[in-house]
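The structures come next, written out as structure tokens.
What follows is chain A paired twice: with chain B in the first complex and chain C in the second.
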Partner chain A sequence: MTKIKRINDDLIGALRGLLGDRVSASEAVREQHGHDESYHEGHAPDLVVFPETAEEVSEVVKLCAARDVPVIPFGTGTALEGGVAALHGGVCIDLMRMNEIVRVNTEDMDVTVQPGVTRKQLNQHLRDTGLFFPIDPGADASLGGMTATRASGTNAVRYGTMRENVLSLSVVLADGRIIRTSRRARKSAAGYDLTRLFVGSEGTLGVITEITLRLQGIPEAVTTAVCTFEGVEPAIDTVIATIQSGIPVARVEFLDAVQMQALADYSDLDYPIGPTLIFEFHGTENGIAEQVEMVKAIAGDFGAPEFHWVDKPEERSHLWQARHDSYYACLALRPGAKGQATDVCVPISRLAECIQETRKDIDESGILAPIVGHVGDGNFHVVLLIDMDDKDEIARCKAFNERLVMRALAMEGTCTGEHGVGYGKIDFLTAEHGEAVSVMRALKMALDPKNIMNPGKIIRV
Partner chain B sequence: MTKIKRINDDLIGALRGLLGDRVSASEAVREQHGHDESYHEGHAPDLVVFPETAEEVSEVVKLCAARDVPVIPFGTGTALEGGVAALHGGVCIDLMRMNEIVRVNTEDMDVTVQPGVTRKQLNQHLRDTGLFFPIDPGADASLGGMTATRASGTNAVRYGTMRENVLSLSVVLADGRIIRTSRRARKSAAGYDLTRLFVGSEGTLGVITEITLRLQGIPEAVTTAVCTFEGVEPAIDTVIATIQSGIPVARVEFLDAVQMQALADYSDLDYPIGPTLIFEFHGTENGIAEQVEMVKAIAGDFGAPEFHWVDKPEERSHLWQARHDSYYACLALRPGAKGQATDVCVPISRLAECIQETRKDIDESGILAPIVGHVGDGNFHVVLLIDMDDKDEIARCKAFNERLVMRALAMEGTCTGEHGVGYGKIDFLTAEHGEAVSVMRALKMALDPKNIMNPGKIIRV
Partner chain C sequence: MTDTLKPENADQLFDALQWAAAEGQSFDVRGHGSKLDFGRPMQAALGLDLSGLNAITAYEPSELYMTALAATPIADIKAALRQNNQQMAFEPPDMGMLYGGEQGGGSIGGAIACNLAGPRRVQVGAARDHFLGFHAVSGRGEVFKSGGTVVKNVTGFDLSKLLAGSFGTLAVMSHVTFKVMPAAEKTRTVLVPGLSDDQAMNAMAAAMGSSNDVSGAAHLPASAAARSGVSYVSGAGVAVTALRVEGPGPSVEHRCRALTALLNEFGEIEELHSKNSADLWQEIGDAGVFMEGDAAAGDSGTDQIWRLSVPPMDGAGVVERILGETGAETGGRVFYDWGGGLVWLGLKASPDASHEVVRGAVKPTGGLATLIRADAGVRRRVPVFEPQPGALGDLAKRVKGGFDPNGVLNPGRMVEGV
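Take a look at the complex of A and B:
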């Protein structure tokens, strides 16, 4: 990377010729585009550009490629592993002006959007169609960013992640060519699965300029229940038995006592403080009644806590908004601290063990760190609240995070269920994938031989 | 490819040193391994080897790679686009001796198998666990072959295809290295999705030596119904409305009158001869009752045909076996003819139109060709029955197949929903993907720079 040329007047001139005043070199804009919401150190890009079409993105990439200048795509900046940091300088492509919903196909239950459309914007647009888009990371992230990081969220246990819900992409490659990865048909056996290759590639293989997404029918009925347990183990055992019974829960979220306290304080949520599950059921009235009976029977086997039913739409919205704001609620637990939201995912048979050991490790490490998770998938987050002036605490958090990842890997899990690699988890990839990392590197070098696409993320070249 | 060295005594000696008598150069064995069940011309490999471990596969690939000799993986030989033909000679790796079910994780609802395990063998093994593996192409194919071709089948509308149901793979690369593509966790954001890259790669990027698959819980109740319609249009419109209503049908298969006649003759199936849907519902007793009521109401809107309920397990087995044997039933319609089972997939909003135009095209072309399909996905097959001694008929069938593919592409569909590319559809890939084919080629060259992995399939290098 040392050979990469810095930005020069020639490139700035060419970009201004292309985009006019949609090129910024101001320090405030650059600084804002160099970091995400995590504690990972930001690195400001040299320039920020604001294209409005795929063709403009293509031209920007061509201008940068001709000069070996890095290109870093940017959406809402709400990621958690430093994916947007311009580690080697370069041009940040802010895609938020490409925020058009191009085409809704209600008959095929799909939608084509530009990458700057956010998940809430999309669902607002769909409100009269009877359809919705289920993937919901905490932040109101852009769909381009969600695709690039293979995001998921609370609904993934029922509806899958971005991996299952992206039908097709338009991508600008490292040399500026624009490709479409797939047709709009629901399935295909026509060649390599380029769609899935770009989903989760974090801008290291190309810039996503259009996304076709599956949609889901809004269920006839929805029921939500909050359920406080005596301990972590019975809560997680209830989840495991629910999943193993094949009950099609739409959501099942775990929040530990520390997290529930944070939500009570931050979002004025009025539930008992203890290890908690939030269940949501989607279906017909009768179908939901059946699911609820089955889950209540299972929970009964693990100590039979009371189910608090959340049936008023406004109460349900409040609850889920609070859940989505849990990261911010954690930050508010310790004003001035930086948050590091780390996430792992394990096979569900190992989940109780993994969470218990992790809770014990947190307590023994003297760290403040709530646990919250999409436990139906085996996925949970630990939000480390770190005093960045305390070097010893930073070291303890780093060591804890490494132990957490190694614990998950030892249980056949992954170092990140949904946050991505960025540069925060780049050093864990070999521990997880071994020799397969060299295959990832070969793919990267084949599609980006100059290593200009978000360099220093996912894999080092 | 002209530079590839032919098999010589040195390679044969090395393979015999490795595998003993599990190396065959006999004409009968070679001929049997050079073709699948399609009309595409077979090409016998020079040698066939029968490894029993991934390490043996790795050594075979290393020996071939050192001599630039092609390697072609082989399972049950039941594919339909010529994927196993040794177009450039080389060594066929028959994986059917690697047929061990390595590990069933009932708690995590997954299983790890060797590639030679067939789908029926797996489900037989699982029979006491309460779990099953849903993907069911017509033949009792090997799971390695099903992974390599991204197979699907009648259950895909509910449970997805191999794309959604493979959790992780072990793969022998073109240089003999063995990698694992992913961990066993249900989701991950840790790097490029190598699993999905190898699913559907048809042996052109590596040899699959182990597969971890998702399993599903056997539903509490199953109900099957056969429903004969007045015409194709009301049948397909019923399917479209069912899918658009979000009813979670487990199976919905369309068979046209010609296909129903074929099944009546071949499998002694006793239903009216006409455009037919077979529905299957999985769920709880109450859940199924609800689904059935909804589907009956929809079908009523399109002419209200009678539902014939298939509730006896043996009658249901007979029906589905007949459906799975539909290709062979078609062949029996015209003894001596070769079958070409072509398949396309379109967005469901275009399905009725696509099938109607195709039926008209068949009739106007003077071809005998039943239509049958997994219509809940927008996927259907046309089985062309061709007199291979009639050059004019072959030309008419070829022209028809091209029109069918172009019709599907014009409707935003794909040239193959589940049969794969092999060499039979290689010329349609650019029409479907355009510039993206060059990306596929770059990936192929990155992972198989000598082009020894099943050369001449999917993309030409």
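Take a look at the complex of A and C:
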């Protein structure tokens, strides 16, 4: 990679003048800000800055823009496609000091936060309001990062992803100007939907400095069930029939036998080891009872045995924490290995076929790789556990991943349902979108003509 | 009358836009022309008539999506879905009555390009939230596709969301793919009669905040209610607040009972069953019936119609302020949808559509106002869409420049000179 080297004493001095000691060039800090939780190679930025206001972010961007220095926003560093790697060097903007919950509007069910607030911090704050924020990726990620990567989680079947739940944004543009994308009213007909243009833009169009999110009422009743199947096929067929019937399940997660073993070991989860579905229902007592009956009938048609009910709140939170920790549980299956989480998503009607072909492919490739997924959306992850010292294994995993993506694309699916492109999937984007990549490039050039906003991610300019 | 090109397929559409991009031509783009009067009058050299792009190209009910050519009539799509007991959950409204055209005239591409959604928006989101992917040709004459058939993807910029609500100013879509959902087995509407606008906002907020999955919340002040074609509503003689519940039979009955208990303090509750419910929510989504004058009573109707988007609890206050300041005799042409967050307001014609008063009232709430109907002269002078100040307006111009740098598509439809 060529480094654009315009970091000099003049820039460092200007940043120190602005932020004082909230500018770091120490190797440890830089190294820590150059990588995420994935196997993708990290690239340390030249400097890390820690602004506390949108105005400071704006000034940092202006100083960098004047010198053509790249700017890379950073939250919790828990992403999976190398999005924070400073491929061309530059200044990393760590936004975690901007962690205030600015305003909760309980009547209109929305909240405005700074980007460094994490999803758990927000829900902790909302505890007494009767409201909650449903998007829950595995990590306790920052809401700025979740917005930038259009994150998702286990609740997407009922509540959608960040795409449906971000109402408005403040963004620092590539020239340092601060904009508010829309007003508080939910229906925005003032012009182009700029809010959603920034949701999922991975820092390539601007730095998000404030987010207004839709909240949900905490349901009157919640019921969770764990159901173990004889094989993968009946489990997935149960999910497909449930979704096609329009039953409003809140969560439906699939975990294969390898993954269940990993959770038993890592999180002391005590359920039978086999292909498993975890269902959760939200609503009124009565409404839930009816949904449960319908799902039980469907599962029964596919030969499912008992539903194990998880009624106690502490047991339920243990179960979901275990599910959220599944990536770490996978890593623990093979100490020393690095994880690569694939992320394809296919139309629900093709899901059983896609998972089965993939399972067969894993077995034939001789790789250790549990499968876990938000199957209600057609999205599943294969966690490839790779010995990074074994070149042959790395090559086999790479080839497997390419076959998986092409399999999903052939089924009219996508290479990434929720993890994003970063620099890890940049080549798949052309395979999936073709000409749209040049349209995205034109858009990127229109908004960031100097290509200083997180360069080398999503599209190459 | 400008000349019009009429491509019969996606290839001819591509040729037309390549030619226009090369020759410096411009187009006003239409499907069936049912919403041509929505937006600013355009200054295009030629018309581009997409009505030849008319077919459902992919529909397997079990896959829960449909792909259709852009000008496929909504009526045809609804008919195909009905056969499989499915629906477009976002309820694209029929603007025929509002714009004086025929009813049942709109196309799916038009509904998505204008990001139109009906009463169920409070529960399931806008048209854009159901819009999965498309094939299109940009103003540069490039063919591209984005999104696909899955409900989640994070592959780069979300171009689908950008095209929804772009009024044909960025690219011309040839194919659109959107979610379809199973239709509800049963629909009921809980009616609360006699509430003031303020009381109604509170009642709707209580219902929406409950666990009863309300899929429509509208308030018809007395004079609006009287215009309804549903006799239970028009015969009430007072204002009617309506809350819709959909789903499997026993669940709907249970939730109606729960809502009745919740709203008892607001007054005597009544219920509408399936057919009347469907008719009422169609009227609310289409809005025309509540906005038009009654010819038999010698009333020529309302000339200018605003659609105000406000935080739900602020709707009634905004209307009070506008009517107080304009002193307009509205003929009762106001009603509220989306739990109070959407206000339809008809005002007697004036040369500036009272836009300063209207926008002045809406602005402090963080809302915005769209001039849905006025004659062309007014729409040329008065911003139809909420003006975007400073850097935001510049950003929108850059987005336009990214797709259509030479202003080939619908010039001036959203913003003068863009």
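Annotations for the structure displayed:
The criterion applied here is as follows: the second predicted complex is superposed on the first by the 456 of 461 C-alpha atoms of A that agree within 3 Å, B and C clash if a C-alpha of one lies under 4 Å from a C-alpha of the other, contacts with A are read in each partner's own complex, and residues count from 1 in each chain.
The working rule: contacts are C-beta pairs under 8 Å (C-beta built on N, C-alpha and C of every residue); 3 or more make two chains touch, one makes a residue touch a chain.
These figures come from a predicted structure and were not determined experimentally.
In the superposition on chain A, A:415 contacts both chain B and chain C. When the shared chain is aligned, no partner comes close enough to touch A:424: not chain B, not chain C. Judged by the touch definition given at the top, the superposed model places A:286 against both chain B and chain C.
In the superposition on chain A, contact is made by A:221 with chain C only, not with chain B.
Contacts of A:234 after superposition: neither chain B nor chain C is touched.
Put simply, chain A uses residues 105, 107-109, 149-150, 152, 156, 160-161, 163-164, 173, 177-181, 183-194, 196-197, 199-201, 205, 217, 219, 243-246, 284, 286-287, 290, 345-349, 377-379, 412-421, 425, 428-429, 432-440, 442-447, 458-459 to touch chain B in one complex and chain C in the other.
Interface residues of chain A, counted against chain C in their complex, comprise 105, 107-109, 130, 149-150, 152, 156, 160-161, 163-164, 173, 177-181, 183-194, 196-197, 199-201, 205, 217, 219-221, 243-246, 248, 283-284, 286-287, 290, 294, 345-349, 377-379, 412-421, 425, 428-429, 432-440, 442-447, 458-459. Residues of chain C touching chain A in their complex: 60, 62-65, 115, 121, 125-126, 128-129, 138, 140, 142-146, 148-159, 161-162, 164-166, 170, 181-182, 184, 205, 209-213, 247-248, 250-251, 254-255, 258, 307, 309-313, 338, 341-342, 365-368, 370, 385-388, 390-393, 395-396, 398-403, 414-415.
Those residues of chain B whose C-beta lies close enough to touch chain A in the complex are 105, 107-110, 149-152, 156, 160-161, 163-164, 173, 177-194, 196-197, 199-201, 205, 216-217, 219, 240, 243-246, 284, 286-287, 290, 345-349, 377-379, 408-409, 412-421, 425, 428-429, 432-440, 442-447, 458-459.
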